[in-house]
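Same chain, two partners: chain A is paired with chain B first, then with chain C.
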Partner chain A sequence: MAESVKDIVLEYVKNEYLEEGDDREITYDTPIISGGIVDSFSMVSLKVFLETKYNISIPDAKASPEAFDSVNNIITLLKEFGVQ
Partner chain B sequence: MPNHTPFMKPYEEEVKSFSWEISKKELGYKDGDIINIGEYCSDRICRMGKSEKLALIWEGFTGEEKRYTFNDLRQLTNSIAKFLRDDLGIKPGDRVCLFMDKVPELYIGFLGVLKMGAIVQPLFSAFGPESLLTRLQDATTTAIFTQKKHLPKVRNILKDLPALKHIIVVDDDGAKPLKEHEVAFNMDKVERVDSFDVYPSTAETPSVLHYTSGTTGKPKGAQHVHYSLISQYITAKYVLDIRDDDIYWCTADPGWVTGTSYGIIGAWSNGTTQCVMDAGFKAETWYKFIAKHKITVWYSAPTAIRALMKEGTEVVKKFDLSSLRHLASVGEPLNAEAVIWSQEAFGMMFHDTFWQTETGCIVVSNYPGMKIKPGSMGKPFPGIEATVVDLKTFQPIERKGIVGMIALKPGWPSMIRTYWNNEVTYKSKFQNGWYLCGDRASIDEEGYFWFVGRDDDVINTGGHLVGPFEIESALLEHPAVAESAAIGKPDPINMEVVKAFITLKPGYNQDKMLELEIMNFVRKKLSALAMPQEIEFVDSLPKTRSGKIMRRVLRAKEWGEDIGDISTLENDM
Partner chain C sequence: MAYSDEIRKVFAGQIADIKTQGLFKEERAICAPQSSEIEVEFPIGSSKKKVINMCANNYLGLSSHPDVVEAARKGLDHRGYGMSSVRFICGTQDIHKQLEEKLTEFLGTEDTILFPSCFDANAGVFEAVLTEEDVMIADRLVHASIVDGMRLAKAQQDTYKHSDMNHLEQKLQLHQNKRIRLIITDGSFSMDGDLAKLDKIVELAEKYNSMVFIDESHTSGFIGKTGRGTHEHCGVMGKIDIITTTLGKALGGASGGCVSGRKEIVEMCRQKGRPYLFSNTVAPVVVEGALKVLDLISKSTERRDKLEQNTIFWRKGLTEGGLIIKEGETPIVPVMLFNAKLSQDFSKDLYEEGIYAVGFFFPVVPKGQARIRTQLSAAHDMHHLEKALAAFLKVGKKYNILHKTKQEIIDMYGM
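== the complex of A and B ==
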């Protein structure tokens, strides 16, 4: 069965933004921006990942810290671009 | 909200009468006395009758809150100092690194290290292993305070750090065994030490080692001394206007100089209650924090202010921010639009302040009670002689409105004394009797300074300086990269962000996945600040005939500026 978008994003966040050995649990609702897991500079790389993976272009105005603050928020954003 | 008369007299009057002796007198310090920042910020405040006054209100991103009085500060800094000296055998002058998020242990640990005479080396916790390694190697650091989450980074580089003997974990819960060299220290459970023989440091005893980036070479350790307190105390009082009944919030991370000079020393030497929030940026969270704790004085950064501005004024209205009475900003120039927006949003303007790691304190600023010209840096702090000098002759420029390099007459208390292991570079900062800041500005008819830009290739992103050399070196370690150049490109929020130009090795093709891979490669090695936000793949880079990459050509094109003299350019672009 194909992995869901939600799981792909969650796995990417875990693999890319948690240090090796950092065993914090991240769920779909974990605040990743306000929780300090992904900072505002790193958010750009997360945006590039989503754009590349799903062949979309997210305008800067839509790429707010709120829109990226959890995997669920990201999924809501992606739906606006037809990704589900 | 009480209506305060500013501490500073009208500017011209203050310039005539100001002397650093005012600060010394208020601090009860006489030349030749013992002066220890740790003691001045804790024990001294308790002796002034403020033992039970709150020193720190800390909030984590989950909303968890901790509160510490000045007596807690006094006892806990004693406990930390004793632990370092008696349990670990740390000696005065040893370098002790603080590598933590904005947790209470960072703020209190800072004073504890100073109290026992060691040199405190705060490092930004988002640094990757390579950035961390470079700075710990240069300082031959003996001990490091860190958290579980950052422990893997330290463990990974430990083999290259023979001087590092102690890794102190502040939040060890015993779930996983600690390894060799690692020791747990739980500040909330440690035995309170009521009396400690504070190290008898004097004016020139080294205190803080802050690393700062340059155009070439490795980051430099800017070495401060305990005497810096004289500047930091009085500038916090006069410029930030903090006073006894204030609740102060400095948003800077103590991994950078603002977070220590004004996020620790300035606030606590004045006996002021300060708030700290250990959470990522989110407009509503910030406003909620101000409203909840009734913050009165707020010292932040243009990047944050512009990010708040982006969210608009409607969100501001959801919160009661009537406690605010003074706003100030530092990090990079605060644009006029942001100053004007703050008037609309908060009913008062942000006061821009200018200074650097090397100056240790605010040197040019807008002051409470002084007319603000939106977009201007303000005027020199009384007691500091500042001007702009000609870039070739280093003579002060007399004509108004002409751009030169910002220069300061050495001699104020918090000027760094050297760069660690790098006296040659330190000396090169002085010309014709002036300390050269490396920033360009002009001065108008009324004596206001107007920032123009850096005079070198250093990238100012979100108020933090990032050296292009470090980024380029990291890029070259990626298997696909043949050559690289890093510059700052304009950014509406961060002023500049890193952009990299890359030529690829044979066999590699440019595509978005490779761009992302390279971005993450640099982020993990150095830090998110150093990660290129954009990568442009090019066939060749502009070089001089001797083969040196001409970053200024790339930068000029990016900023739409005149490329200047390209007679030494080797290749067509």
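== the complex of A and C ==
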């Protein structure tokens, strides 16, 4: 069975932002930006990933720290671009 | 009145929030030239206290060096106080061109352009050089001015985990379809004091046909055998495409910065760099002072050698005394306390002991990584460092953190 978008994004966030040995748990609801796991500068990698992976273009106005603050929030954003 | 009571309340509320979060920053007034021993008023208006300064970027101790002060004074006499102009209208003197040539020679590059500060150099260079066809791939711990500069540029942004070469390689592979890939890193990271793995970065840049940018603000003048910087230390002089650095730290400590590197890139900055085009020229006194600094450090490595010895003594002393430091080889030595309040209390106690060193905590550093950042200088003599070390260990003992592990300290004080 193909991996869900939710799991793909979760997996990416873990690989991209947790350092080796960082055992913090990240779930679909974990606040990754307001919770201090990802800062607003590093967030750009997530935008690049989503745009490349799903062949979409997310305007800067939509790519707010709130919209990227959890996997669930990202899924809501992706739905606007027809990704689900 | 446009500034109504309601508007005043908006800002007062924001300032109150900053205070509530414990993030309010207060200035201390130093009533002396910058040096290893200074007189400080803290809070401003209180009585003056003589303290040893362990937190200046005055790495080579040249900020108040008599020869530099004398050169600046001559600059004042010969070329005046200010130019009242941007560079390209009527703000370029012969000495500005001389300083650009000297910096080119010192850094081992093709050409150099001065900016009012290195913040301005970083804020202007990416926008001047790159387009939407390009990508900037930055280490996640680069300085705030680089972050701002990247945000002003039209090129795509991406980041890699701090000093993680595998992650950088993945990003370079991902962006092979771009016209230009620019790898962006600090030479020395100002909060942790570690050096970029520049030899590895250059290797990857060559493998993936990419350019390399480094900010050498915390290395120029003292890293590398003759103090040229991280590129000298890592054996890659001549292979860095863009270097930015400051005259506001080791190189005299006044102000001013530059972009140095490939001549076409420097020319692009002259034509399109907005902080260069729309901001005042570097003052003549600063230019003359910086010329003298380059003259002094090109003739002798005595000061950078003394700084190196001071750094070795300080790192060894803290470690053997039982404090946890960030390992490395630069004169930026963070003493790790992990808890924000502990870092503030520790700093206050040090001040009582006559040592001036400031605590850093979130959001300046990540949560749970609060610290006191110490910085060595060639202006420190052994008696300064011995006194400072004794004070650090005395305060460390008071808080019972000597010879404790990170976990033990966190268990006592929390993250």
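Criterion: the second predicted complex is superposed on the first by the 84 of 84 C-alpha atoms of A that agree within 3 Å, B and C clash if a C-alpha of one lies under 4 Å from a C-alpha of the other, contacts with A are read in each partner's own complex, and residues count from 1 in each chain.
Assume a residue touches a chain if its C-beta (ideal position, glycine included) is under 8 Å from a C-beta of that chain, and two chains touch if they have at least 3 such contacts.
Quick caveat: nothing in here was measured; it's all calculated off a predicted structure.
Engineer: Overlay done on chain A, so just call it for chain B and chain C: clash or fit.
Structural biologist: On the shared chain A, the partners clash.
Engineer: In the superposed arrangement, which partner chain does A:T30 touch: chain B (first), chain C (second), both, or neither?
Structural biologist: A:T30: touches no partner chain.
Engineer: See if chain A has more residues touched by chain B or by chain C, and give me that chain.
Structural biologist: In the superposed model, B touches more residues of chain A.
Engineer: Taking the superposition as given, does A:E19 touch the first partner, chain B, the second, chain C, both, or neither?
Structural biologist: After superposing on A, A:E19 lies in contact with both chain B and chain C.
Engineer: With both complexes overlaid on chain A, does A:T52 touch chain B (first), chain C (second), both or neither?
Structural biologist: both
Engineer: If we overlay the two complexes on their shared chain A, which of chain B and chain C does A:N72 touch? Say first, second, both or neither.
Structural biologist: neither
Engineer: Using the touch definition from the top, say if A:V44 reaches chain B (first), chain C (second), both or neither.
Structural biologist: both
Engineer: With the two structures fitted on A, what stretch of chain B runs into chain C, 4-12, 148-156 or 472-480?
Structural biologist: Only 472-480 shows clashing C-alpha atoms.
Engineer: Across the two complexes, find the residues of chain A that touch chain B and also touch chain C.
Structural biologist: Shared contact residues on chain A (touching chain B in one complex, chain C in the other): 16, 19, 36, 39, 41-42, 44-45, 48, 52.
Engineer: Can you check the complex and tell me which residues of chain C touch chain A?
Structural biologist: It is residues 138, 140, 147, 156-161, 171, 174, 362, 366-367 of chain C that touch chain A.
Engineer: Spell out the residues on chain B that touch chain A in their complex, using ranges where they run on.
Structural biologist: Contact set of chain B toward chain A: 61, 101, 126, 149-153, 155-156, 278-283, 285, 307, 310-311, 461-462, 494, 497, 512-513, 515-516, 519-520, 523, 528-529, 531, 533.
Engineer: State the interface residues of chain A toward chain B in the complex, per the touch definition above.
Structural biologist: Residues 16, 19-22, 24, 31, 33-36, 38-42, 44-45, 48-49, 51-52, 64-66, 69 of chain A touch chain B in their complex.
Engineer: Mind pulling up the chain A residues that touch chain C in the complex?
Structural biologist: Counting only chain A, the residues touching chain C are 16, 19, 36, 39, 41-42, 44-45, 48, 52.
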